[in-house]
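Consider the two complexes below, in which subunit A is the common component and subunit B and subunit C are the respective partners.
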Partner chain A sequence: MLYLQLLIDGVVSGCAIGIVSISFSYFYATTGIFHVAHAGIYTLSGYLAWWMVGLGTPFAAALALAILAAVVVGYLTQRLLYRPLEESGATPLVLMIASIGLLTVLQNVVAILFSPNIVQFDLPWRLSHTAIGPIALSLPQAILGVLSLLLFAGLVLFSHHTAAGKRIRAVASNRELAEITRLDPKRVFAQVLAISSGIVAVPGVLVGVDQALQPYTSLLVLLTAVVAMIAGGIGSLTGAFGMSIVLAVIQSLSVAVMPGRWSVAAVFGTFILFILLRPEGLIRSRFSRAI
Partner chain B sequence: MNYFLSFVILAEIFSILAVSTNLLMGIIGIFSVAQAAIMGVGAYTTAILMMAGTPFPLAMLAAVAVCAAINVLSSLPALRLAGDYFIITSFGTQLVATAVFINWQDLTGGASGLSGIPVVEIAGAGFPTAREFIVLSSLCLILVAAGFWLLMRSPYGRLLHAIRENEVAVVAAGRRVLRAKVGVSAVSGACAGIAGALYATYISFIDPMSFDIHVSVLVVTMLVVGGARTLAGSIIGPFLLMAIAQLLAVVDIPSTIVGPARQLIYGVILIAFMLWRPQGIAGKRL
Partner chain C sequence: MTLEARNVVAGYGDKSILEQVSFTLQDGETLAFFGHNGAGKSTTLKAVVGLIPVQAGEILLDGERIDGMPIADRLERGLRLLPERRGVFPDLSVKDNIDIVARRNCAGSGSKIARDDVYELLPMLKSLRGATAGAMSGGQQQMLAFALCLLGSPRCILLEEPSVGLQPDLVEQLFGTIREVCVTLAVSAILIEHRIASAMRIADHVMIINSGRLVFRGTRAEAETINLWDYF
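Take a look at the complex of A and B:
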């Protein structure tokens, strides 16, 4: 029964990582920018919601406002940082170093404005459990799981069945062609980063409710998500989401055979095996971005 | 006076680490955000050996060898696979190293670290305080800098520049790119090992926090501010950023905010340089 519980816990945290993974992947596959600062937006939205709940805002409103704030920050990041850099002919390395700079800024702004210590949401319902047979599921876990699946399905539908989603995929697959057919890649990039940032705010807040908030841990979440993205095949949202769940389950189950503190090593060990054996990912990507 | 000497010694140690990062990022174009972890391996190796009674020169030599080997191992994926995969392996190396420093308690002392690392003694001469130690650290920096300067002006250095500019052309010209890259990774690791050995013996206390991801990012910032690819850049950057940290210590702000405030300033500097002067103060375009 312990294994079943670990499995379920793994699936739920895999859903959260999966959302981080698809939102990162969505921007990365479109622009090729390694947006490390995504982790900073994750942290920022969690703390914003925590701060608003502390002021007495109802949780749903706090979540919505945190998402809105993330959308704004994401949009501004593209407009004020990545776009000027790309216009000045910066290499991917320079873009990524700038992104690391932004991550550092966001994390420390959070640490200074709110708290450098671990904080927990002051919500009585976060500890209530529902038992399904022998498995215990906390309320935040249940909300997280359901919202993650909805977001995943929503993003896939948006990407394939709406005009805006198709425009984004067109820009992703051929930027030059998009430029001459007046799809305006620069505007599309800002939209994509706004969407991605809004999506990543959801696990940013809900994982914080379920566990706790800490300014500097989000990078590990992002890296696990990126590992899942690469293993799932870049550009494949389903691959990224599925691999996130697989990775999180491995991480969760590994607690049964070795001390939990070594689980980081387990994830990255799995990853290194993966790149050695199957560099193109589990599901071969249709995107031919050089990686 | 001692305060100033201590600042110079630390800046010199970070200059050596910046040279190590420069070899990877500036010279052959392999992104690395794990140099603090490699330096940490050097520091722990030196500390453990010296606490077991090994003399400093031998311990340092061992640290250099271990770091060179680990740096080659950790950059092996980048040598074979281009681009973004290595970003992840590099971050991954850093995270795994920190996890090992914290969790391998029998060897590293866990989160509380190792304290009471013996004072350096070479052929009867001791280096107990900053006044003596500065001779040792300056000597090491001069050696590393001279090595870097000579390497860049050798035919081997020209080969390395050519690899970064156009790898395919170098392969077509019949040069062994992989061997050259492995060589540079080893030299880069060796530099990090020297920095680690000096750090451990000067501070006489090390813990996992001294070599975490923030330190790696700081080294990247130092390199970018000073300017990648040049020797001057690897020295200007560390001295400048360490000076900023010292100035901040003088300003009156709450002690809980000092760490984040310093990090925040580093982040802003990093973004500003990328936007307006990506080549740094004395470097060439990345």
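Take a look at the complex of A and C:
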């Protein structure tokens, strides 16, 4: 029974990491920018929702406003940070360092404006549980699982079946041609970062509701998400989402057989083993960007 | 339309590849552009379309200087580039490739070549609509790349090795289409091509570049009286 409960916890946790992973992957595969500040937007959106709920805003509205704020921050990050740097000839390493700088700024802004301490949402329903047979699932976990699956399916459908999604894939697969066929890659990059940021706000808020918020822990979430993206096959949303669940389940189940502090090591050990055996990742994407 | 390059110097970073390149191209004319690998042919086309900056000299389109313009503005004025081997969006189907470029380039009512027109000009694409571009043969990809280059209202098409990967019969078909487009729609073309005999058949003018310098410029008739290999 314990194993079943840990499995379900792992799946839910994996869904949240999966959304971080696909949103990071979506931007990275399109632009080649290693957007570490994604973790900062994840944190910022959680705290914004927490602050609005504290002011009496209904949770659904707070979530929607946090998503909107993340979209704006993402869009402005591309327009005011990455784009000027790219236009001045910055290398990918410089862009990544700039992104780390932005992450530091966002984390500290959150700590100064809201709180540097661990905070929890003041929502009575966050502690209510549903029992499905022997499995206990908290309401935030259930919402997180369902919304994550919907977001994943929505992003895949958007990417493959809408004109805007196909345009993004076109830019991702051949930037120079996109430039000379007037697809305006720079505008597309800003749109992709806005979309990615809006998506990552959902786990940013809901994981905070389920557990708690802390300004400086999101980098570990992002690291796990990036590991899942690489193991899943860069450029494959399905691979990134699937591997996020696999890694989270391994982390969750490892607690039953080894001390909890080794659970992260179990994830990274699995990753090293996986990437040695299958360096191209779970799903080989023929035309994706190589890391 | 007149495309004119005057003493153009261009290259990558601080390094100059082109040295004082000058030429003129009128409406409906086709210019065959020859030279060995690394001589500066592709650099010339990239400088014209704006993918690399012009370090000195001028590029004019209908008398208007375009060498300082963003790429989008040059494309708006009808310049098109078919890049060698990288002319398709590999992750998308043929139909999606055409649709996505047509949506951007054929938006106005005055479009010379709409999305249905390219299927008529290049019939082999009809049966490939659902194929993933990156999974097609090199020749099929070249046909699609040429189609993308034509969409909208092209006035001057810059073609980098359009026959790469094509079977001989398709080469003649492609060159025939290039000629047809140029003559019927008054589109001019610069054609970089290693199949010299095929390119000469549709060219009005010939230009040869060697180590960044133009070493021959003349009409096709003039080019036919000399041994072109002497200039390589």
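Assume the second predicted complex is superposed on the first by the 289 of 291 C-alpha atoms of A that agree within 3 Å, B and C clash if a C-alpha of one lies under 4 Å from a C-alpha of the other, contacts with A are read in each partner's own complex, and residues count from 1 in each chain.
Convention: a residue touches a chain if its C-beta (ideal position, glycine included) is under 8 Å from a C-beta of that chain, and two chains touch if they have at least 3 such contacts.
Bear in mind the structure is a predicted one, so any value in this text is a computation, not a measurement.
Novice: Mind checking the superposed model to see whether subunit B and subunit C fit together on subunit A or clash?
Specialist: Once subunit A is superposed (C-alpha atoms), there is room for both subunit B and subunit C without a clash.
Novice: Touch test for A:I97: subunit B only (first), subunit C only (second), both, or neither?
Specialist: In the superposition, A:I97 contacts subunit B only.
Novice: Taking the superposition on A as described, I'd like to know which of subunit B and subunit C A:D184 touches: first, second, both or neither.
Specialist: It touches subunit C, and subunit B stays clear.
Novice: Looking only at subunit A, is it subunit B or subunit C that touches more of its residues?
Specialist: Between subunit B and subunit C, B touches the greater number of residues in subunit A.
Novice: One more residue to check, A:E176. First (subunit B), second (subunit C), both or neither?
Specialist: After superposition on chain A, A:E176 lies in contact with subunit C alone.
Novice: How many degrees, to the nearest 10, separate the directions from subunit A's C-alpha centre towards those of subunit B and subunit C?
Specialist: Given the fit on chain A C-alpha atoms, the answer is 90 degrees.
Novice: With both complexes overlaid on chain A, does A:R167 touch subunit B (first), subunit C (second), both or neither?
Specialist: In the superposition, A:R167 contacts subunit C only.
Novice: Could you state the shortest Cα distance, in Å, between subunit B and subunit C after the structures are superposed?
Specialist: When the complexes share the chain A frame, the smallest subunit B-subunit C C-alpha distance is 14 Å.
Novice: Can you name the residues of subunit A that touch subunit C in the complex?
Specialist: Touching subunit C from subunit A are residues 163, 166-167, 169-170, 172-174, 176-184, 286-287.
Novice: Which residues of subunit C touch subunit A in the complex?
Specialist: 49, 51, 71-72, 75-76, 80-81, 83, 86-92, 96-97, 99-101, 103-105, 134-135, 148, 151
Novice: Mind pulling up the subunit B residues that touch subunit A in the complex?
Specialist: Contacts found on subunit B: 25, 29, 31, 33, 77, 81-85, 87-89, 91-92, 95-96, 99-100, 102-103, 213, 217, 220-221, 224, 256-257, 259-261, 263-264, 266-271, 274-275, 278, 286.
Novice: Per the contact definition, I'd like the list of subunit A residues that touch subunit B in the complex.
Specialist: That would be residues 34, 81, 84-85, 88, 90-98, 100-105, 107-109, 111-112, 116, 215, 219-220, 223, 226-227, 230, 259, 261-262, 264-265, 268, 271-272, 275-276, 279, 290-291 of subunit A.
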